[in-house]
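Labels A, B, C and D are assigned to the chains in the order they are written; within every chain, residues are numbered from 1.
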Amino acid sequence: MTRDEFDALFERLRRDRLPGLPGRTQRVVAAGLVRTGEVVAMGRPWDSVPGPDNRRPALHLMTELADVTPPEPTVHKDFLASDFHGKSQTHLDALCHIAYRGLLFAGVPAREVVSSRGACYGAVTDLLPGLVGRGVLLDVARLRGRAWLEPGEAVEGPELLACAERQGSPLLPGDILLLRTGHLARRRSLGAWDADGLSAGLHPGAMHVLHESRASALGGDGDSDVRPSPVPGVHSPIHVLAVTAMGLPLIDNMDLEALAETCARTGRWEFLFLAAPLNIPHGTGSPVNPLALF
Amino acid sequence: MTRDEFDALFERLRRDRLPGLPGRTQRVVAAGLVRTGEVVAMGRPWDSVPGPDNRRPALHLMTELADVTPPEPTVHKDFLASDFHGKSQTHLDALCHIAYRGLLFAGVPAREVVSSRGACYGAVTDLLPGLVGRGVLLDVARLRGRAWLEPGEAVEGPELLACAERQGSPLLPGDILLLRTGHLARRRSLGAWDADGLSAGLHPGAMHVLHESRASALGGDGDSDVRPSPVPGVHSPIHVLAVTAMGLPLIDNMDLEALAETCARTGRWEFLFLAAPLNIPHGTGSPVNPLALF
Amino acid sequence: MTRDEFDALFERLRRDRLPGLPGRTQRVVAAGLVRTGEVVAMGRPWDSVPGPDNRRPALHLMTELADVTPPEPTVHKDFLASDFHGKSQTHLDALCHIAYRGLLFAGVPAREVVSSRGACYGAVTDLLPGLVGRGVLLDVARLRGRAWLEPGEAVEGPELLACAERQGSPLLPGDILLLRTGHLARRRSLGAWDADGLSAGLHPGAMHVLHESRASALGGDGDSDVRPSPVPGVHSPIHVLAVTAMGLPLIDNMDLEALAETCARTGRWEFLFLAAPLNIPHGTGSPVNPLALF
Amino acid sequence: MTRDEFDALFERLRRDRLPGLPGRTQRVVAAGLVRTGEVVAMGRPWDSVPGPDNRRPALHLMTELADVTPPEPTVHKDFLASDFHGKSQTHLDALCHIAYRGLLFAGVPAREVVSSRGACYGAVTDLLPGLVGRGVLLDVARLRGRAWLEPGEAVEGPELLACAERQGSPLLPGDILLLRTGHLARRRSLGAWDADGLSAGLHPGAMHVLHESRASALGGDGDSDVRPSPVPGVHSPIHVLAVTAMGLPLIDNMDLEALAETCARTGRWEFLFLAAPLNIPHGTGSPVNPLALF
């Protein structure tokens, strides 16, 4: 895809967009998907060990232990720190996270995000009510009959539609779509690699599907972008189209393996999806532990 | 309450306890409470300003901005750090957080929590599927017809039962109970005070009610403990009874004001409650942003 | 002092300036001041307790203890974190720390300091060889015969010269000058106050003295600025004149009490001064523990 | 060396030891070594990039920039965080850092270091006056006529003495001895390796030399220990003997390359050595930037 084609796509996708969490009716319908009470968590463990795909490890330190003659009770505490947008944890990207040509979503200037105050537009606090709605797993690896897609493989729009159809889970407005490439299955089998350089993910053209189905959010077991980028000069085109053009929050680095197993076992690829970002004023996103409730 | 009485209570409450999140059936029933799709978030803003009730402020730093000639897109990032068990944010206490007489829940030695590895028993990862079930707001301030309870006022068991009854929300097994003392209403009106020294909360005897109703978790707009403690030599008796005797996770420092307003407006004090801790291996708890879905 | 007068002063002071650590000859001469081998440390304790003059406390956490059956030896470790430019510790300001009218020292644009890379001009690493030279304590509180200057009291240039003369320590090129207002003596007697709003320090006009004596650095028990600022619209005029006009590193929040006592006892207000910033690439300064060697 | 031999050595070395910084006379003599005023800094850059020898990278984040319409001046700030005992920076080990058989230096129980308060014995604040005295570089790589020692190569006591003699720098009481193995020269040529597993350093028997010469501190371009350890069951025997038996602070991860070049060029391997730890109450050590002044 040329840069001009990408820019034309950007313009088409951003037209008439309202950023949108699922609406009330969509949430009620999604709650109706709960039938067995089974829950699957999708948050990956905080990763404090450096590696080829973890250049900025999270910190988790024990800070207080029951090691002095105590008043009762004794209390154990820890300390967390992270640059959460890296690969060290599952996290949500708020709308202020990505700017294209100097502009955030809705054409707001990027300078609304400043070092001393954080984001004055598009902060994660806009998402405080959480992403709560119908979740649909698009298990493209399974559709292809493979354990995983190889890093660098792109997923195009027709395949997303075929996947939804084959699974019996047609896309509906407000859906939170989860793309499974089998990233973690591959990582567990073959070890980590530099996923910032090479990863399976969506081709930019596929965002038409999310636009037309009026999805409200996109998550993935990678970060949704195919890498290397098919668009010269744009390193994360899916991030640009989803966040900056369409106003869709992204959820990166999800663990979709247990979810895929549950969907396959139960024959249901739709569920009540729940992800509540932490309340971080002026923040650009949040670590999360998304849940699927069946 | 004397220390001996407290210890006898501890023994009674810990007998025959299984730590327990709501079960599958309870979750399905709770999902059935969703009727309007309204969502209320209960996570307080990360508080990075020191104050009388915030001795260990959270950190939120902007770390990357679009301030160099960029490749596209430009990306905004931030950094989070916190000793989350303090008052700087809404958080979940896992079972390893509290030890009494050198023992964790189920009599496990406190030395299972070590500085170099964290918690080897009762870690927050035991709660990864989240607290998902029927939530009930026990709005004791409203019951008393007051904007808030004064710091130091205790709530006893019969009042909890009366509150549930008056609200038409009888306590059921698996419930996640939320105690509203009006802490934040008072803080907003009168300013912060040292809530570690003086706060409204439960009298230890009230834990009988949670034991008998088989609640699965307890949250509050304070930290559930009345302070100063009514038990000599035990600074947080509710924490001891809930976490260490009964195996109930606690959620501290919730913002229950919007929830109380919604409950009063709709006449419903029960809802689908959702709180998913971050996936922190060996951690003692997690910051959370709990949601109520009506 | 009007803003125009300040700007004129800024222009005069910045003319013909080279940023300058003490030179080799000055260091040799300074080493010759060592006669008794007595050492006085001037670094204040890392302050992790919030207070009126410590809005961003430093963090010091124990992270590893000998609490598991160990291989030998057992090792104790800790973790440090700080936004060191605050009041929580003694620190050095590098030249990139302060910009006036969008310009750093020598007219370099402030945009040379960027979030993603840090300082590309004037970083603390320019000061790696440390501030090593003749130190002179200018004990203005003692000169006035008082335990401390009251917050808000300004020190003018003639008083600096009178102080140096009275002490028998005339100012020489390359000197590292330390201004004692008795800040810590007052803090220890009367408790902390908001020193960002009200503190004793230099009047901007006094910087003429440092310019003419060709001082190489300036330190103080406050942050050298009198507050409130005597210059409308410029909140830290001494920082601007020292760092941005003259290229002088500043050392803020020093403990000069023991040094003052030693100077008075020995009758010597000059010594070998040593302060070595940490090697922080692209950093804007560093915590330090300066030493005086007699 | 068997474990029994090691334990016997431990007992011999710890007999009659006083922990000791250089005394006043030694400092005065050391200051007399300053002749040219040349300064060499030995602090390695804070390393925030993970690698085989940097498992716990330091953090350096820009936190405030001149990116809003400002009051004057605009201020640039950053944030530092580190678990400094790792390989990410040059640091000092205080006496509380290492315990052997449950005991710190002077037989003090290791339980004097606790999570909630830090070190109540042997804290880095005992070293606040800094390590200031005669430094001697023992350039063993140069003595062997090689660019570096290979990882795993041990240096024995006689070689230390031969090195000092060849350099014309006999060991004197109170000396701060710096062992150069060429670690950084090798790292720069061949890349990083896992130095915790394999590194050149001292054989435990060599500590006799430091005992007899009454050295006051030991530094190195590694961490002074040869690895793998020649003592079964003791992973860092030099740390045990230096810190726990003899009360000698250690300085790990120094950059000795520029120092070695200066020593060779000037023909002088002795200098005024200066290292001032930060004032961290109850801390186990400190990042430092040591200086050599010629």
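The rule is short, and it goes like this: contacts are C-beta pairs under 8 Å (C-beta built on N, C-alpha and C of every residue); 3 or more make two chains touch, one makes a residue touch a chain.
For each chain, UniProt lists the protein as follows: A, B, C, D = Cyclase family protein.
Predicted model, so just to flag it, every value in this text is computed and none were measured.
J.: Please compute the angle of the rotation superposing subunit A on subunit D (C-alpha atoms), rounded to a multiple of 5 degrees.
T.: Superposing the C-alpha atoms of subunit A on subunit D needs a rotation of 180 degrees.
J.: Would you mind telling me which chain pair, B-D or C-D, is linked by more contacting C-beta pairs?
T.: When C-D is set beside B-D, the one with more contacts is C-D.
J.: Let me have the rounded angstrom distance from the C-alpha centre of subunit A over to the C-alpha centre of subunit D, please.
T.: Centre separation, subunit A to subunit D: 45 Å.
J.: Taking each chain's centre as the mean position of its Cα atoms, how many Å separate subunit B from subunit D?
T.: The mean C-alpha positions of subunit B and subunit D differ by 47 Å.
J.: As a quick test, compute the distance in whole Å between the mean CA positions of subunit C and subunit D.
T.: Centres of subunit C and subunit D (C-alpha means) sit 27 Å apart.
J.: On subunit C, where are the residues touching two or more other chains?
T.: Residues 59, 61-63, 65, 67, 79, 81, 83, 114-116.
J.: If you look only at subunit C, which of its residues touch subunit B in the complex?
T.: Within the complex, subunit C touches subunit B at residues 49-51, 54-57, 59, 61-65, 67-68, 81, 83, 111, 114-117.
J.: Write out the stretch or stretches of subunit B touching subunit A in their complex.
T.: 23-28, 31-32, 34-41, 43-46, 59-60, 62-63, 65-66, 71-85, 89-90, 96-102, 110, 113-116, 118-119, 125, 128-130, 132, 233-236, 239-240, 244, 272, 274-285, 287-291, 293
J.: Which residues of subunit C touch subunit A in their complex?
T.: For subunit C paired with subunit A, touching residues are 59, 61-63, 65, 67, 79, 81, 115.
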